[in-house]
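Presented below is the structure to which this report refers.
The letters A, B, C and D name the chains in turn, as written, and every chain counts its residues from 1.
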Amino acid sequence: MSEKLVHDLTARLGAMIRELSVKNERRVYVEVAPDDLRQAVRVIFEEMGARYATATGMQVQDGFEVLHHFVFDSQRVVVSLRVSTESEEPEFDSITPLITGAEFIEREMRDLLGIQFKGHPNPKRLILSDDWPDDVYPLRRGRPWEGKVRKQV
Amino acid sequence: MTTIVPIGPFHPLLEEPELFRLHVDGETVVDIEVEIGWNHRGIEKICETKTFDQVPFVVERICGICSACHPTAYVQAVEDLADIEVPERALYIRSVITELERLHSHLLWLGLAGHFLGYNTVFMWAWKYREPVLDICEELTGNRNNYAMLKVGGVRRDLDESLFPSVLERMDDLDKHLNMLVGAVTDDPVLHARLKGVGILTPEAARAYGALGPTVRASGIPIDVRRDHPYAAYDLVDWDVISVDSCDVYGRAVVRLLECLESVKIIRRCLDQMRPGEIDSGVKEIPPGEGIGHAEAPRGETFHYVRSDGTNRPIRHKARAPTYMNLPTCRATTVGESITDATIILASVDPCYSCTERMGVYDASTGQKALDGKQLIKLSQEKTRQLREEMGE
Amino acid sequence: MTANFFIALLRFLIFPGLLFTAVVGLVMSWLDRKVTARVQWRVGPPFLQPFYDIVKLLGKEVIVPAGGSRMAFLGAPLVGLAGATLAATLIGTAAIYGGGGGFRGDIIILLYLLVLPSLAVILGGAASKNPLASVGASREMKLLMGYELPFILVMLVPIIQSGGMLSLGNLLSFQAQHGSFAASLSGVVALVAVLPCLQAKLALVPFDQAEAETEIMGGALIEYSGAPLAVFKLTKAMMLFTAPMFLVVVLWGGFGQTLGSALLGIGKYVALLVLVILLRNTNPRVKIKHAVRFFWGPVTALALIAVLLALVGV
Amino acid sequence: MGLKLKALTKSPWVFHVSAGSCNNCDIEILDCLCPRFDIERFGALLVGSVRHADALLVTGAMNRKSAMRVKKLYDQAPKPCLVLAIGTCACDQGIFRGSYALTTPLDELLPGAVTAYVPGCPPKPEAIISGLVKALQTLQDK
């Protein structure tokens, strides 16, 4: 099922692909350089007509990773576009200007993981309550909020 | 002058806490903001502290009415990660449980929609028909909600075949009642007047927002995970994807009602075709890797991503509920409508905040500064003063 | 003079005024809830429920919203109650004492009095300083403007038919002699036209926009608690008695002087009420825009037809 | 027992506060109104404004954001006002205990105000009704 799609992806993304792995016939992972993210998203979302599902942000051993998941409903394949950075202050291009539906997930990652998104139209701090400290990101490894968050009465 | 009418966070319209700020000019909505976060419980972090076998119990509690769909998506993600084959009987059982859930969820929505319209008779009738479905759930799984049926590699409990005849009988009854409800909704001229052409979500907007489930199927885009990415027993039985292209609230109601009939069909066929056999493949260990699972919840696709490093716990578990994508469409659908319609439009995506908020808070404002309490009071006082003048006091 | 005043006071406070109407109204609101429950396949509340509700509310804390006008906020419910009571007294007196019970022009005064409960809701909502209450109040106002026009037009029908009688008592004796107005063609049309107005006056679905719980959380009454809320509830219950009663008296022959005709009158009243309750349970709430359009369009047209028919004497 | 108290036990109007719940308890509360359980038999009504409420039914584990609202709502309710913790989450935060998003449990937030705890995930409508009845009985004992 995914062969034609993989072929198509390789042809269209070309040199942008850093790594392409076919986990099984329903799952494909593609890694691109952070600089190529927007272009790759444009190709997959606009040219190839995929549906944007969501993004997963995470802290890994050496830095941060963001996976943008795209679903090809007619081909029964989920393509996950991976970008990563080794920086301690991660920053990626925002894809919200291309896909309206990505606005919230990017803000969620910003608040919970401290990943910044360049060019986000509305990068407001929204997650958690108003009294949550600015530099504590609960989804980073360990329990980073301990001792830093005031108990409410 | 624009007034801000808050809906929520504790509002009878919503059984869950949510804050919509409707910027209203007279009775017309000119802008809408959504503020979420009243329900955020940090489930993704909690999941990282649980073993692979414990996580289903946590994700079950992401949302009460999706308490079969979230675990389904999660176990499929782990099965995808570790390449696990699931026994056929377990697949059928998964389908039965998720379809029972869809039935009671859609009936629940129909009732609430009636309630929002001030049509309490519909509310009571729909919920009355919903009750036997919950009974069946309780008989088959042991609980009315939160079934605890799913586990990685299969299901936790077998279904008792001696109950099937009575279940099928009640399905026949339900079929009759559902047909009556379909007739009642499609024949009611007042409902037509209130729902048709209201809350238009164009296919383009639906795609841009990534809308899902009945919301998008009412906009003429027939996507359904059950058919497009078959899981459980959905490719083993015969059923149809319901889709209409009216793009309005009425369409969303019709899609849900007709889907109920499909669910009844699926449950009947599953019970018919189910053969005795293994229900669990006995998974011992989860290798390192990453996996994705998705399932069609009553409201649309639930999407789970799991990553493992070879230990007995996931190091990252991401869950995305359908409302997370559907709710922002309110900006496209409510602006320009009257405040009376706003409530039913907001309700028409069947918002499920507890799902949406397991991780996130978001605000769909258009970048304009949200007003604080003092300003709100001032605005409301101005409105009152204006009203007084209108009354000639 | 003193005796007359005393009798009037008794009529106002006990029978057929405040006490009597309150008791009957509460019983009728129980009937409303019970029938609603039965339509919805429920058991419904016990008989004394509305009384418990009122007593309980009287015993609760009264909260006046900060920044609101205390006078208007607390005074509004009393205005409504006074209006409903006075209306009930006038109608009841006329109905019981026939020709001698009314005075010239009391039908016009009644039209004003019956508006007072709605005005009280508007006033109270506006005094609440709550955006949702303001929305509720403004809706009530729009609705009021919508249904008052056909309501008043309909009231012209008996006046025209009777040749210009402006007193309830006279209208009743006229009906006693010539048969009730509802028996004529114009009377039937008038009754049909006035039914939705009645529904709106009682603030029942489909015309309960001002208190739409699921849209604006109780609307105009959102900030009310305790005794003032009890007064609003009581007024509403009394209107459940007073408004249909008014129609029975003005259009439908009243209660007569014999036991049989009195029973017939009560039957007419209950029939009207049950019709209203059933309408409420088989319809969704319409939009305020649609409601106003509905009242100014078809309902007003129907009322005009009734007036025209009355003018040509059928 | 005075007439006021008697009337209160006969006419408990409830207001439903969902403070970070998974929805199940909330649905079961609504289910109490529906034909099978019909709490209007006991005079109970679900009201839209907290000003009309005699009892708050609180569900959910209470996160940092909603906890403050719950407190505010309780302050806005006319007294006497019962508070019922519906569901395991409201009773002791259940499976979510220890999460960064949560804060003080309900009984610490409103000390002394919680009249009844109805555990269960979700509690069955029968249990919720029984909890309400027992909470009303505590009024009679006073």
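Just so we're on the same page, contacts are C-beta pairs under 8 Å (C-beta built on N, C-alpha and C of every residue); 3 or more make two chains touch, one makes a residue touch a chain.
Since this is a predicted model, take the numbers as computed values, not measurements.
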Legend entry - Most remote chain, CA-based centroid, reference being subunit A: C
Inset, instruction - Identify the chain pair with more contacting C-beta pairs: A-B or A-D. - result: A-B
Legend entry - CA centroid of subunit A to CA centroid of subunit C, Å: 61
Inset, instruction - Give, as an integer number of Å, the spacing between the C-alpha centres of subunit B and subunit A. - result: 24
Legend entry - Separation of subunit A from subunit D, taking each centre as the mean of its C-alpha atoms, in whole Å: 40
Legend entry - Between subunit D and subunit C, distance of the C-alpha-averaged centres to the nearest whole Å: 36
Inset, instruction - Find every residue in subunit A that makes contact with two or more other chains and list them. - result: 128-129, 138
Inset, instruction - Indicate the residues of subunit B shared as contacts by at least two other chains. - result: 11-12, 37, 40, 42, 45, 123-124, 128, 361
Legend entry - Overlap residues in subunit C, where contacts from two or more other chains coincide: 40-42, 213-214, 217
Legend entry - Chain-to-chain touches, reported pairwise for every pair that qualifies: A-B, A-D, B-C, B-D, C-D
Legend entry - Footprint of subunit B on subunit C - complex, ascending: 36, 39-42, 67, 122, 126-127, 129-132, 134-135, 137-138, 141, 205-206, 208-209, 212-217, 281-290
Legend entry - List of subunit C residues in touch with subunit D within their complex: 33, 37, 40-46, 48-49, 51-53, 55-56, 58-63, 213-214, 217-218, 221-226, 229
Legend entry - Interface residues, subunit A side, partner subunit D - complex: 128-132, 138, 143, 145, 149, 151-153
Inset, instruction - Would you pull the subunit D residues touching subunit C in the complex into a rising list? - result: 3-8, 10-11, 34-35, 38, 40-41, 43, 47-49, 51-52, 54, 76, 78-80
Inset, instruction - Would you tell me which residues of subunit B are touching subunit A in their complex? - result: 35, 37, 40, 42, 44-45, 80, 83, 207-211, 223, 228-229, 289-292, 294, 301, 303, 305, 307, 315-316, 318, 320, 324-325, 328, 359-367
